[in-house]
Amino acid sequence: MKAVRVLYFASLRELVGKSEDSFAIEVPITGESLWCILNKGIDLPESSLLAINHEYADLQTNIHENDEVAFFPPVTGG
Amino acid sequence: MKAVRVLYFASLRELVGKSEDSFAIEVPITGESLWCILNKGIDLPESSLLAINHEYADLQTNIHENDEVAFFPPVTGG
Amino acid sequence: MNSINIHEGSFDPWHEIISFQNNNLNGVKSYGATASFVGTMRDFNEGDDVVEMVLEHYPLMTQKQLESIVELSIEKWPVQHVLLSHRVGLIQPSDPIVLVVVWSAHRAAAFDACRHIMEELKHKAPFWKKESLLSGESRWVSENTPDTRDN
Amino acid sequence: MNSINIHEGSFDPWHEIISFQNNNLNGVKSYGATASFVGTMRDFNEGDDVVEMVLEHYPLMTQKQLESIVELSIEKWPVQHVLLSHRVGLIQPSDPIVLVVVWSAHRAAAFDACRHIMEELKHKAPFWKKESLLSGESRWVSENTPDTRDN
């Protein structure tokens, strides 16, 4: 069991009702599986994005120890 | 014989050694003919432009009484 | 010389350009072209009256993405300097939100890089807008408009 | 609201934008995008060191051409305001020469119209540059670069 930090932003933060999860989990694990374990019963909205260590990543990308993971909706800055 | 005002700008002004001709001439007359009469022995440089009353015109366009005519090289502003 | 700034409060884009030039480009005679873009909050969006907006972001990723966008644009075009600023937090209509400025020797690179940076920012930088409408509702802006460049 | 200005002496493009906004856009909340371009005199051109430059123009035609360029751009894009300024006379390196600013609801129109106005100005407005080189020679700039837009 390894430490992983998970952040939620904008509408996803509101959807899951928390801005952060920080805990130990079996790694490697894909982003998609991580969401399922952490947010049981809440489907990840279709257009959601995943970042691992501040870089965009595919939902199938493996997450490792000490990674910072973030789930968020399409960006709308500028 | 009708009054026509002719202006020269930039390198064409230097080429003909004057910035303006103002005098009476038989009109209508094309821009090309006007240059030949006013600047005997000086060929109009190939890329030269003509304006009649502050609008671009073809060298074959007819010039009429009281028109303001200008000869100048390609523009280089901005 | 590049400068990337996140503003928690209001900022004036024109004074920011003046400061940047005074501090970094004083006496510099090598740039012939400065292209800039300022994005400002409107009081309407998608047919609705908007009274205010909260701009949320993911600070560490924002910084990394903006730096990467600027770096890649400098590799792609002969750009001399880039100034990029973005507002976060509570924003009112007519407040500036984003500023992108590019200095280059010639106009094509300045125009192209400025627009490219702006489009990249719109589609990659982790910012999110939540609008408060005149009707009392609030909503997340769902998506930015597609890339507006021809190519 | 459009403003077209010919400056016989030096002008500061950023303060000109600030003045325009203060005078005309105070409290206006309808524009979301401001695209601008500033052309500045470099101290080099076509491989030579340039020490100063004289910018000649044909005043009545300049005014007419610039007005026409702005009018046509407003017909082509949903533009709210245009500010266009051009310097004439004796100019030193690092002096601003031209300023084009476009305010619009959305960024595509602002970017497109700003660049269009700049290209049209470069190819239609009757301005001519005569450079004084470090070598002591002086020369007329022979031609502007071709239109830099993709289309």
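Residue numbering begins at 1 within each chain, and the chains themselves are lettered A, B, C and D in the order written.
As a working rule, a contact is a pair of C-beta atoms (placed from the backbone, for glycine too) under 8 Å apart; a residue touches a chain by one contact, two chains touch by 3 or more.
Please read these numbers as outputs of a predicted model, since none were measured by experiment.
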Touch-network distance, chain A to chain D, counted in steps: 2
Centroid comparison with chain C (C-alpha atoms), farthest chain: B
Geometric centre distance via CA averages, chain C-chain A, whole Å: 27
Computed distance of Cα centres, chain D from chain C, in Å: 22
Whole-Å separation of chain centres (CA-atom averages), chain B against chain C: 48
Set of chain D residues in contact with two or more other chains: 39, 118
Set of all touching chain pairs, with the criterion as stated earlier: A-C, B-D, C-D
Chain C residues touching chain D - in the complex, by the definition given at the top: 14-15, 17-18, 21, 27-44, 93-94, 105-108, 110-111, 115, 118, 145, 148, 150-151
Residues of chain A touching chain C in the complex: 7, 9-11, 47, 51, 54-56, 68, 70, 72-78
Interfacial residue positions of chain D with respect to chain B in the complex: 39, 55-58, 60-61, 64-65, 86, 97-98, 118, 121-130, 140-144
